Amino acid sequence: MGTPAGKAFDVGLLVAILLSVTCVLLESVPAINAEYGLPLRIAEWCFTVIFTIEYVLRLWTVAHARSYAFSFLGIVDLLAILPTYLSAFFSGPQSLAVVRGIRLLRVFRVFKLVRFVREGSQLANALYASRRKIAVFVAGVVCIAVLFGTVMYLIEDDEAGFTSIPTSIYWAIVTMTTVGYGDVAPSTTLGRLVSGILMILGYSMIVVPTGIVSAEMARADITAKRGRVCGSCGATGHAEDAMYCRVCGDKL
Amino acid sequence: MGTPAGKAFDVGLLVAILLSVTCVLLESVPAINAEYGLPLRIAEWCFTVIFTIEYVLRLWTVAHARSYAFSFLGIVDLLAILPTYLSAFFSGPQSLAVVRGIRLLRVFRVFKLVRFVREGSQLANALYASRRKIAVFVAGVVCIAVLFGTVMYLIEDDEAGFTSIPTSIYWAIVTMTTVGYGDVAPSTTLGRLVSGILMILGYSMIVVPTGIVSAEMARADITAKRGRVCGSCGATGHAEDAMYCRVCGDKL
Amino acid sequence: MGTPAGKAFDVGLLVAILLSVTCVLLESVPAINAEYGLPLRIAEWCFTVIFTIEYVLRLWTVAHARSYAFSFLGIVDLLAILPTYLSAFFSGPQSLAVVRGIRLLRVFRVFKLVRFVREGSQLANALYASRRKIAVFVAGVVCIAVLFGTVMYLIEDDEAGFTSIPTSIYWAIVTMTTVGYGDVAPSTTLGRLVSGILMILGYSMIVVPTGIVSAEMARADITAKRGRVCGSCGATGHAEDAMYCRVCGDKL
Amino acid sequence: MGTPAGKAFDVGLLVAILLSVTCVLLESVPAINAEYGLPLRIAEWCFTVIFTIEYVLRLWTVAHARSYAFSFLGIVDLLAILPTYLSAFFSGPQSLAVVRGIRLLRVFRVFKLVRFVREGSQLANALYASRRKIAVFVAGVVCIAVLFGTVMYLIEDDEAGFTSIPTSIYWAIVTMTTVGYGDVAPSTTLGRLVSGILMILGYSMIVVPTGIVSAEMARADITAKRGRVCGSCGATGHAEDAMYCRVCGDKL
């Protein structure tokens, strides 16, 4: 799609996605919906028609229509048009809540933007390669939150907001991630001491994912350097443009 | 401007900028404006005269007056003196709001400080080189905020503050960036669970821009190392002071 | 435990741990405990029996039962089953608070998950190697909090929440770690200025642990590279697969 | 001070510093001061006597008593004992506020802990070498806070807490550093949009100091590698144990 026509199509699609999501957002504001309800609904149908044409064209033009239809982008393209058609069927007054939920699914059109992202593959690889470590890190955060939440549930009163362990765990996550709403906050001296420890822990722990990704990137670097192996002696670590093994001198 | 006179001029200008911005800030405090209104206004005119003389002198002394006038620093220098002169024209009582807005433009004098910054070029290059990735990261943050905001708008009640999707997106940004005002906060169990996921996501995601800049800096390093190419065999990776190609032995 | 039976055992144990901790959490919610109290208590005894069987089996099968019993995992496995048995003894109405505390100890079953973590050894090594620096960093954070807390106790009134130095230190930790509950917040101009300095300090200081771990990882790298020393001339810095000293040419 | 006696002295001093600071903190809690006022005051005089003996001993034993007395640690040691003696002079009821201020100076005894820190020199060097960049970063944060504070002062009402530009700048710093107290928070749609931009900016900007320190550490590495220069041809980049210039072959 490097042609001028392809670029114009891309820009037009980008604008249509952003505008259609904006419409969904504006529709949810009571004051705006009351005044501009009709033009928003008309715009909605226009965007749905545009995305339907786009979906049909893609199905038509791609080499393997089936594999496109079941790919991530294919399902996203389908989900972008389905909610509007579905909401037309549920028109009775009793199904307002259902329609409202279905209509909000249109927000998932933002996933259509994934098509425009071609950057960040090196970072994505580093993230993918360290997915198990990230899972361990997240599990660690949750475990610490469970422990501190239980301890705070024992220490603090119900009046400070620590009414159950799940609520205390919510407080522990709010504190560890340094979000700090303040809707649940410690009121006793012991509770504040424990909170302080949790805060400094959470503040310092941010270094762990940074270290994970840095280490993974350095490892990727080393792996790249070690990529070429000598067929004679198995030595690694040759420069990219080396022609002879640096240990046994055989041709690579 | 390495001469003693030039240095004295620089220091004087720096002090004048900081003092004049401080005056604008103090003028906005009702109590201070009521008591010291007149001296602040006199100081204001003094600074304006100083900056006007500076602007005229620069126009006079630079080699290309035109290119200076339309450069970033030239426009900043002009904007630093215009508001005071403009506010003298709008003296009628009906234009108070306009005058107030114009007078606050004087705060943009802080941009005059850019002249003194000569540090950080390597970091600026790394940031500039990774501008597209940073844009993708910010777009990603906004998309996640849109998705979580919509989900929370469905889950939470109006009473907790989730009155519309834009408000919910504002909450999602406040939560993801770990700011956490607490003016809008989840009250239901499901809402708190979703919030917890968003918090841990936002807490861990900070690693992404760090990774981007680190990767860019490492790449800049590698590019610098690979800069010299052998004319005979196309090999790269020569040291900066190498005189012969390390693969074919020809002179570089 | 690479056999299919071992894997099934691992998965079953993982599920049992997660379910049993979830039960403890749910039991603390008043509404859920009132309605599902009996099934939760039955599930509790089932999990305790399962973990008891697991503990006895491990004692039986490991080579050194004694060293297992006193290892970290052995103690955790014991602590996972003790609270339920203990709570059966204290059945009088006067010991409710004690029983409640003992029963909550069951949350420490999350430590049984440590058995499943085999990732992150490189990062763990970097963290362990830099433990003294991390201690200095945490001590530095606490010292800055003590100083700023005392200063703010002098500046701010009791009404803003700064009722004693310990409370002010709690505020300083909340602020430095960028948690920011807002339950204690400065109200005077001078207090807000000092707060601003503390915030920017805390915001910038996060770079210190990142720097510590990065430096430690780089050092580990250098140590690995320097590991092999020439026996003839003492030269270091040989590649991992080098066979001859790069300075004197003797065999390594 | 590597002798057992020296180590015992060090440990004793460390304990005395921590205990004496704890006493100052506890004295500020009204309930504790009312009940344990006398023992705290006695302990206070004991610690002052201990620190006085330590100060006199150091003056006596160090080689250059004068240079110690005016060094950082010497002044800290003096400041650790002065407040108690000074507060004995101001005993009239009219000087309570002065005495209170002077007595709180004892908290600065935490600086005596600097004597025990021998770690982190590499990081300290990196921080020192990048002090100008860090100053530019902090100045940048303040400038952005001034600009966003002024804009929010124009957009938001007094009722939301934006009563003057200094208050708005305080809000901007609270938001940028992701502290987020919530005592001042935007209430209008436009204000929330601008806040969202500031939040994402502050969230992403944390990468800048990380990048500065990483770059400085990498540079320190390169400088170390380039340290040896060939006397014949001026080439750099020799390995630490190289004996001949790698460009011209002359002995280093």
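A, B, C and D label the chains in the order they appear, each numbered from 1.
Going forward, contacts are C-beta pairs under 8 Å (C-beta built on N, C-alpha and C of every residue); 3 or more make two chains touch, one makes a residue touch a chain.
Values in this document were obtained by computation on a predicted structure and should not be read as measured data.
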Co-neighbours of chain D and chain C - touch as defined: A, B
Which pair wins on C-beta contacts, B-D or A-D? B-D
Superposing the Cα trace of chain A on that of its twin chain C calls for a rotation in degrees, to the nearest 5, of 90
Write down the chain pair in A-D, A-C or B-C that repeats the interface of C-D; the criterion is over half of the contact pairs matching by residue number. A-C
How would the chain A/chain B interface be labelled, same or different, where same requires over half of its residue numbers to be shared? different
Centroid distance [mean C-alpha coordinates] between chain D and chain B, Å: 26
If you average the Cα atoms of chain A and of chain D to get two centres, how far apart are those centres in Å? 37
Where chain A touches two or more other chains, by residue: 166, 169, 178-182, 202, 206, 210, 212, 214
Answer with line, ring, star, complete or other to describe the graph linking chains that touch. complete
For the complex, give me every residue of chain C touching chain A. 21, 24-26, 28-30, 100-101, 104, 107-108, 110, 113, 117, 119-120, 122-123, 126-127, 134, 137-138, 141-142, 166-167, 169-170, 173-174, 176-183, 202, 206, 209-210, 212-214, 217, 221, 239-243
In their complex, what parts of chain A are in touch with chain C? 132-133, 136, 139, 143, 146-147, 150, 153-154, 163-166, 169, 175, 178-182, 185, 189, 192, 195-196, 199-200, 202-204, 206-208, 210-212, 214-215, 218, 235-237, 247
List of chain C residues in touch with chain B within their complex: 178-182, 210
